[in-house]
Structures are given as structure tokens and as C-alpha cells.
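You will see two complexes here that share subunit A, one where it goes with subunit B and one where it goes with subunit C.
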Partner chain A sequence: MTMITKRARKSAARLNFSRPLSGLFCVLMVVFILGPLAWLGIRAFAESWTFPNLGPDGWTLRWWSVVLGDETLGRAVQNSLALAALTVLVSACICLPAAYAFARYEFWGRRTFLIGLFALNAFPKMGLYVTIASLFYALNLMSTVLGVLIVHVLGTVVFMTWIPAAAFAAVPRSLEEAARDAGASKLRVFFSVTFPLALPGILVAAVMSFLASFDEAQGSYLIGAPDIMTMPTQMYTLVLNYPNQVAAVFSILLAIPSVALLLAAHKHIVGGTLAEGFQIK
Partner chain B sequence: MTLIEEIHSTTPIHRETDAGGLRGLRVRGLHKVLGGRTIIDNLDLTVRDGELVSLLGPSGCGKTTTLRMIAGFLAPDAGSIQVHDREVSDLGAEKRPSAMVFQNYALWPHMTVQNNVGFPLKLRRLGKKEIEQRVDAVLALVNLLHHKNSRPARISGGEQQRVALARALVQEPELLLLDEPLSNLDAKLRVKVREDIREIQQRLGITTLIVTHDQEEAISMSDRIAVMNAGKIEQFSRPAELYSRPETEFVATFIGSLNRIEGALVNGVIVPGDDVVGIRPEDVVFTLHASFDARPAVVERVVPHGHFHEIYLKRDDATLRAFASGLPPAPGDRGHASIQNALTFRQGRLVTTTRVTA
Partner chain C sequence: MTLAPTRGSKRRAIATPAVARRPLGFFLALPPIILILLFVGFPIVLAFAFSIGLTGGLNHVIASIGLNVHEAENWWGTPAAYIEVLSNSRILRDLSVTVGVTALSTVTVIFLALGIGLFLKLRGGRIARLLSGLAIIPLFIPVVIASWAIVTFYSGDGFVRSVFAQFGVEAPVWAFTMVAVVIGSVWTSLPFAVLMITSGLQAIPNAMIEAARDAGAGFLRIVVSILIPMAFVPILIAVTFTAIGVVGSFTVPYFTGPNAPNMLGVSMSNYFSAFNQPQQSVVMAFIVFVIASGIAAAYVWANFRSAKDQGKV
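Entry: the complex of A and B
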């Protein structure tokens, strides 16, 4: 009897204790995630912000006009969007067949390849780019679209291989066999069954690759600047030449495509018809 | 009076009577080694035109492997597979005239029921109108027209099973293959669906091979049953014959229930010997009063099975299990037990059947 009540009281105590703790945790999370964003938002409209003051000294849209008035910016946006789209396309063409092979076939060196892909990302990026740059000098690829594209594709290989490989592997073999049994050729099986069922995973990989390419700054700067400027590399230039409110404005602009893409993808991947297929095993 | 029948079993284990023509399925010398083990060992199997044959055996005996080789998903190491007099063992699964119903149904989740069933016809490049007509016809056959536009995930297990069947039937295959088609259904539904399958199979006269490990299912559906063990077919015969005249000890123990006693049966009494005597529990009769060739017995244990009871009877020569319906005796009750029928096996093969008649 006493044991039971004691235990009950103990768990009640734990409950009372854990509730404020988790509340505190939530607040901390919000501050950590939204704090910098809020700061960024305020900063983008601030006249100036001197140290002891809690708020900015005044409000202005000047920084926005500086950024939007910069004619190089338009080009940078175009470059970035086109490059990201091209990167996803090229990366998909190279990586998706590899992903399918990793998922469906046993071959020599399969594991080594998969781990090796991670190793590629584990390298300090700058070291890799410097090595690539010296190679590109020799190949006359510096300051060319192809050079920048290669660097961007390299950065997306891991996403475009691992995530689709998992998606392909998750397609039950019996679904493919059923299509073969129905009379479909191997190619037809892939396009009618395997690919549509792996599509959500492939879309996730495409979105991540797009964002990775969109945010890529170091390699693009090293290989492409000053002839090929993307939004992130343009930002280096702007930030160096203007007060740091401009950086805030630019960060917000840079985030818009990412957020838009994530929202669009979310609708398709989580809530849309693609998710429906996965209720059945 | 005791009547003993001698069986001269020098004939091969399974007898085949090809009905003249070569329509249907004919498998010869099928062999498969997997992971260093012989999984299918020189297997022969014939399914006559329009016949429903069950491949019945314990888990791991190679039923699925056999079916997958016939369907074309697995290449045999040796042997020939003929469907309607045409060698198919070199063809890929997509070129074979067989259609398969998968154990997990393998419906494509991103297509509606209608598109699932229509997919094989789309591959055959039939016109839109014809596809729709044939899909409607086959969906009507399996009673699923109302779910035409549903996704597989939204319909019940029994309905998914019927969609899978419809998808196979719409191809008008020369051979229908089913791998444990009922194992994912609950007990009640299983009985209904197996009757449905049998009814449709007979109506269409479609040559069918079903893999199952459920003997009740096999016995109730099949024209003939091939009992499989360790990659070989032990016996291939009609369900009733399988039960009353099992050719091997394995078949006798696998089909139904059996008292297996080492020794020999002489005048209704078990005596020591090198053979194996098999007695069906329903052939052991327990009475309270003495009777012709019954021996005194004590009830040791009573196990209820719903509509009948299983009674363990201790006689001075052996302990026997008997089935009894009606009011069961209680443990400790004394009475008399007699053996009505028995099978004698030597080295695993049936040598005699003994019928005791009063």
C-alpha cells in the first residue's frame, strides 16, 4: 500500500518537475532558432544600432534600395537559380543510376564506394577546392560555368546518392516482380513502378541538392569569381563594401528561394498523393 | 477377423497420368542449388489442363523456390518447364504465359485498383476502350467494381487479395500461380476466399498451381495435391487418397494426425518390431464395455478441440490418441480401446494397410 502511494507521489513529483523544464526547453529552442532571425529582420530595416540601446536608433528602407539597386545583383540571382537547377539536373543524371545500382545490386567495392562518398564530404572543403582549383587552372576551367558547375555537383553527390539509394531500396522487390510478371520490360518496370515509388525520396534529395548549390559560396568564389558571381559570392563583395545592415537584407533575400522551395516540397512530400502510397507495405 | 492388404510399392513415389495431350504445366528434372544446398532436387510435376494442383509442404521445403522458377523469377540449374507444350525455361518472367498472385499481393500503391488491373493490358498495347471493358469484366468477376477508383491502401486485406487475383486473371494466363494466397487473411475470410478462388478457377477452367503449407486449404480446394518435402515430391494424388493411403511415413504424419508407434500390428495388438505402425486417431475406438479385439485402456488425458475431443489412452502395448465427439470420458476412466485401421511403414515407405473388421 505505502509502496504504491509512494511511487505514485514520486511520479507525480517528476511530472511537476518535468513540465516547467520542458517549457523552459521550448523557450530556449525558440530563442535559439527565431532569435537570430528576428535580429536579422530588425537589422535589415535599422538606420543604425549603437551598443547600449536595446532597439535600433531609427528605421529605414535605405539598405533595401542599396541592395535592390545594385545591377549586379539581378545577374547573381539569375546565375544562382540557373546554376542550382542545372546542378540538380546533372547530379541526378549521374547519381540516380548509381543510387539504383547501390540499392539493387551486389558488386565488388559497393561498401567502399558508399563510405567513400561520405569521406568526400568529411574533407575540409577549402582544401578540396584549392586542389580542384590547381587542377582547373591546368584544364582551363577557372572562371568557367563548367568549372563552377563541377564544384557544385561534387557538393551534392552525397545527397543525390544516399537518399535515393535508400528510397530505391525501400521499394519492395515483389512490386517490381509483379510488374515483370504482368509483362513489363526491365526499363518499363523502372519507370512505371520503381521510380514513382522512390520519387518522394528523390524529391527530397533534389531539394537538398538545390539548396546546397544555392548556398555554396567557397568553391564558387574560388573557381568562378569575379566572372561568374552567384548570390552567395556576390554577398561577399557587398558585405565587404557596405555597412552590415546590407548583409542582413541580403541574407533575407538569399533565404527566400530556400523557404519557398521547402514549402512547395513539403506540400508534395508530406501531405500530397506521394505520401499516400506509403501506407501499404 | 483381420484383413491384411499387401502393397507392392516398387512403383515410383508419385504416379502421373498425363491425359494424352500436353496442355497444362509439365516440369521435368527441375534442380536448384542455393547457398551450397540442394533446395530443389530433380523435381517432376504435371498439372493437367484446367486442373487445380496444390504444392503442399512444411516451411522451408522449397515450395516458393519451385513456384518462382515456374514464374520465371529464378533460373533453375537444370530441368525443363513446359506450359501448353511450349518450353518456357529460357524466357524471362515478362514473356511467360503464366500470371502470379503474390503472397503479399504486391499491388502498386501509386495506382488505383482499376489501373493496377489494367496495367498488364496497357503493356499489351490494347486500346483504351478494350482495356476498360476487360478490367470492368474481371472486377465484376471478383465483385469489386465499386472499388474501381480506390487506392490499394484504402481497401481491406480480402479486397486487396481479390484485386491481385483480378490482375492475374485479366491477363488470361495459360497458367495461374498463387503463392500462399490466403495466408494474410483471417480464418473466416480464408474459407470464403478459397471457395471464391476455387469457384472462379472452375468456371474459367484455368490451369492453376497453388503453394500452401495449410493442408486443410489444399484438401478443400485441390483436384490433386503434391506433397513436398526437402525439395522432392513425396506423393502426388487426390486429396482423399493422400489421407487414406499415404505412400510415405512423412505424408502420413504431415496430412492429418497420426499415432506413430515403432513395432508391428498383430491381431489388433502392437508387438515389438522394426517397422512403424501408423494409426489415425479416428481409427482408435474407445468404449466402456469390452468388445471384440478391444483391449483394456485407461484415459490419461483429455484435450478439448471444440467440436471433438482428443483422448490419450494407455493400453498395455502402447499409448494411443483417439478422437471422440459427444460427452468425453474423464481422466482415470477405464474402458476398452480397439484399433480399426492401421498403416505399416518400412524404411519410411508404406508396405501394408490393415483393416480390422468385426
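Entry: the complex of A and C
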């Protein structure tokens, strides 16, 4: 009894001492993480800005009409959305069966395959894209939709394999066997039991893949530019050629799908589905 | 592969005695592997041949487009391109900048992520949850935007300088310096490390920490002897992912860094597109691969250790 109170008092004392410190750390982290976003976001509605002032000289919505009326920017938005949707579809067709296999089967070469998938992650991105681009010259894939699509799909393979594999592995076998005992066919078991239970994991993988494609900038820039411009690659030229406020508006537009999709999947991502997916299960 | 008598495999063996090594699994798993072999493995082999001056076959096109290509006069290649790149003092400066930024960013990210993770595990409460939620936010933001936001925040007329100017203090301009590159790398790498490390720490049973506390262990002792060893694999994965991500990054240094010296990712892209010297670019890529392979070995090892612990491999 005395030991407990002593410990409680001790930890209370430590709390009192560390509360201002952790408070300061919190404030610094808020400024560090949210500060740049807020500072950029305000610019989308700013008339102009004089240096030492902490706010703009006036407010306007003018920049929004500039962006929404610009044809090249509009095309970039279309390209990005179409490419991201296509990437998720192709990636799911290629990777989901493999995810199921990794979760449920023992087979020859499994270990080698796993190392192969790890290896994909272990290559620094820009180096990889440079080697891919060298090959794409020979295959006539530079500045083509197919070339950019291949790069985007490569960027999603790990998400689309790992996260669903962890989800499939987490489906209790006893449930599948119960369904089998009740007379369901193998296909029926998969679609009525396994797939619905693994669906949250698969959706997280799809969201992550969509965003990976939507946000992919370096590979698309090296292989697609200047013929195929997506929203992120358009940013590279935008910040040089347009006023600051236009880049700010474009940034907000570019961030909307990410924020919306990730908020929708937020619970699963923070709940550990993502972290689980990066370790073999 | 023989099933070791571990927890996972035993459960599996009981549940389905007939878990077969069927070829079906092999064929289902094949498509992504073929994709990787075709568009990662094959280009890397080809690019290596190109980097040592073997310009025949599929390398013919790139060799004829590119400028300043060193061609080998024999079948085993020539190190001429490597010698040229490694004796170029500007590229060497880029290389040392790359290594420095990677090391500094990784240490900072892991330090912050461990701090947040430990705070959440040992103290808990609203502030801790708020902090870990906050650290995930960069995951929601495309890297291009993040980089641009960081440049405007730390630029000559940015927030930091404006705030200091209110008090008549002249703050340094960090935009377009390596400081901004490190800040940007930390900003973009933080969410993954925090997710990895907090989920690793949360998986440790509280009873263990309580037991150590009862035995008189202090905060530091609990962290060093229990929490870090038990969450070692997720921590190592966070370290390798962060380091590999930073070493091969392009967007963050391109937006936030100086023209020169900058990280190799930027010089690689410049040499490939702007200078049209693909061979030199490929050589730089292989230099980065060598740096990353050391880090990657740790990642593969950590993953197999964790897979073995769970009896999955």
C-alpha cells in the first residue's frame, strides 16, 4: 500500500516537472508540422504580402479562377486522376492473388519471392528510375502513358502485396473451415468469408496505392515530362513560372484527394494495418 | 521448407493438417515477381552493363542519344565512367552532402519517433495522443506540396523570419540551404517512423513494464533494457526505410535545396535530362545503390528475424 502511494507521488512529481517541457515540445511540433501548411494555405487567398507582416495585405479568390481556368493545369488534374485509378486497378490485378498466396500457401520459391519484394523497397527511388529510364529509351516507352503507368504500378506493388497479405493471414482459418463443413465451395468460401473479412486491409492498400500514384513525382517527371504532366510534376514548373499564390491554390487542390481518402481510412492506418503490412506475417 | 516447431506453424498445422505445397500458390505469387524482374531487375543489370561501357544490344539507343559516353573496347567493360564521376569534385561534394543529410535526417526522425512512441507508451493521455496524431499528418500531404510549403515557411520572407522580425531580430534564411533539405526530409519521413515505432512499442505488454518498475527500474533502465530491445525489429525497419527514402530522394532536395552542392538524386536527374549524360547519371545511381545496399541488408535481416519469430517463414 505504502509502496503504491510512494510511486504515485513520485510519478506525480515527475509529471509536474515534465509538463512544461512536454508542453513546449508539443507547441514546437505543432509549428514544425502544421506551420508550413498553414503558411502556404493562407497564400491561396492572399492579395499580396509584405515581408515582416504576419498576414497578407488583402484577401481575394482571384487565384482560384486563374487555376481553374488554366487548361494545362486542368489536363494535369485529369491525367493524375485517371492514372491513379488505372494504377490501383492494374496493381490489384497483379498483386492481390499474390497477397493471398503469401498468406495461405507454402510453395517453392516463397522465401526468394519475399526477398525480391523487399529488394524493391530497398532501392533508392531516383536511382531506380534512372536505370528504368535507360531501358525505356530502347523500348520506346519514354514520354508514354504506358511508361508512366509502369513506374506508378511499381511504386504500389509493396503496398498491394504486403497489406492485403497481412489481412488475408488474419482471417481465422476456423471460419473458412466452418463454411467448408457447411457445404460451401472453395470459391464461395473465398468470396463470402475470406474476402469480406480481409476487405478493410485491401481497402487500405488501395487507398495507399491510389495516393502513391497520385503523389508520385520523381519517376513521372523523369519519364513522362514534358509530354505527360501529372499534378505533382506540374508543380515543378508551376513554382517557377507562376506567382506564389497560384502554387498555393494548386497545392490545396492536390492535397484534397489525399486528405479525404486518408481521413476515410485513418482508423485502419493508425490502427496498425499499415505498420503490420511492412512485416511479413 | 520444413516447419519449425514454433507457435504459428503449430497452429497452422493443427488447423489444416493438409497445408499443401501446391504449385497454385507459386503461380498466384508470380505476377508481381515477374513485374519486378522485368522492370527493376532487368533494367538494373542492363544499366550496370551501360555504366561499364557495354553499349551494345538494348543499350544502343541510350548510348547513341547520350553525350560523353565511355565505350568499352572489350567484352568485360571499362571503369572509365566510374573514374570520371569519382574524380569529379562537384559530384564528390554531392556525395558527401547526400551521406550527411541522410545520416542527420535519420537520426532526427528516429529520435523524434522514439520520443513520441515512448511518451505514448509510458505516459499516455491526451497530449501524447495529440502528438502521435500530429506526427501522422505529413502522410496526408503530397511530398511536392510539403517541400514547397517548407520553402515558403523558412524563406527570406517566410514565417520564421517574419516572427523574428517582429522583435527586431534578423533570423537566418534556411530555404535553399541544406538545413531546409534536412527539415524537409524529417518532415516527410516522420509519419512512417512514428507508425512503425509506436505500433512496435504498443505491442509490448504493460505488465512487463510494471514488473520492472516494481523491481525498482527507472525510466532510462526500462527504455534501454526492455522497450528498445523488444521493439527492435520495428525500430530497425523504421531506420532503414527512413535512410533509404532520404538517400534516394529527389523532390525534397530539388525544391528546398541549393543549386549546388545538392543531393545525388538531384544531380542524377540533372545529368540524365538537362545535361544529357545518362552514363554518368547511371554511375551515380549505382553509387547510391551501394550506399543503400548496406542499409537494405539490415532491413532484410530484420524482416526475416521478425518473420522467424512469428514462425511464418
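Criterion: the second predicted complex is superposed on the first by the 224 of 281 C-alpha atoms of A that agree within 3 Å, B and C clash if a C-alpha of one lies under 4 Å from a C-alpha of the other, contacts with A are read in each partner's own complex, and residues count from 1 in each chain.
Keep in mind that, in the parts below, a contact is a pair of C-beta atoms (placed from the backbone, for glycine too) under 8 Å apart; a residue touches a chain by one contact, two chains touch by 3 or more.
Bear in mind the structure is a predicted one, so any value in this text is a computation, not a measurement.
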| item | value |
| --- | --- |
| Contacts of A:179 with subunit B and subunit C, given as first, second, both or neither | first |
| Greater subunit A contact set [subunit C / subunit B] | C |
| Touching partner for A:119 - first (subunit B), second (subunit C), both, neither | second |
| First, second, both or neither for A:197, with subunit B first and subunit C second | first |
| Contacts of A:241 with subunit B and subunit C, given as first, second, both or neither | neither |
| Overlap of subunit C and subunit B interfaces on subunit A (superposed complexes) | 174, 177, 274, 276, 278-281 |
| Residues of subunit C touching subunit A in the complex | 1, 12, 15-16, 19-26, 28-33, 35-37, 39-40, 42-44, 46-47, 50, 58-62, 65, 115, 119, 123, 127, 130-131, 133-146, 148-150, 152-154, 156-159, 161-163, 165-166, 187, 190, 195-196, 199-200, 202, 213, 233-234, 237, 240-241, 244-245, 247-251, 254-255, 264-265, 268-269, 272-273, 278, 281-282, 284-286, 288-289, 291-293, 295-296, 299-300, 303-304, 306-307, 310, 312-313 |
| Interfacial residue positions of subunit B with respect to subunit A in the complex | 71-73, 92-95, 98-100, 102-104, 106-110, 119-120, 123-124, 151-153, 167, 171 |
| Complex contacts: residues of subunit A adjacent to subunit C | 7, 15, 22-23, 25-26, 29-30, 32-37, 39-40, 43, 49, 51-54, 93-95, 97-98, 100-102, 104-111, 113-128, 130-135, 137-139, 150, 153-154, 157, 160-161, 169, 173-174, 177, 211, 214-215, 217-218, 221-222, 225, 232, 235-236, 239, 244, 247, 251, 254-255, 258-259, 262-263, 269-270, 272, 274-276, 278-281 |
| Residues of subunit A defined as touching subunit B within the complex | 172, 174-175, 177-185, 188, 192-193, 196-197, 273-274, 276-281 |
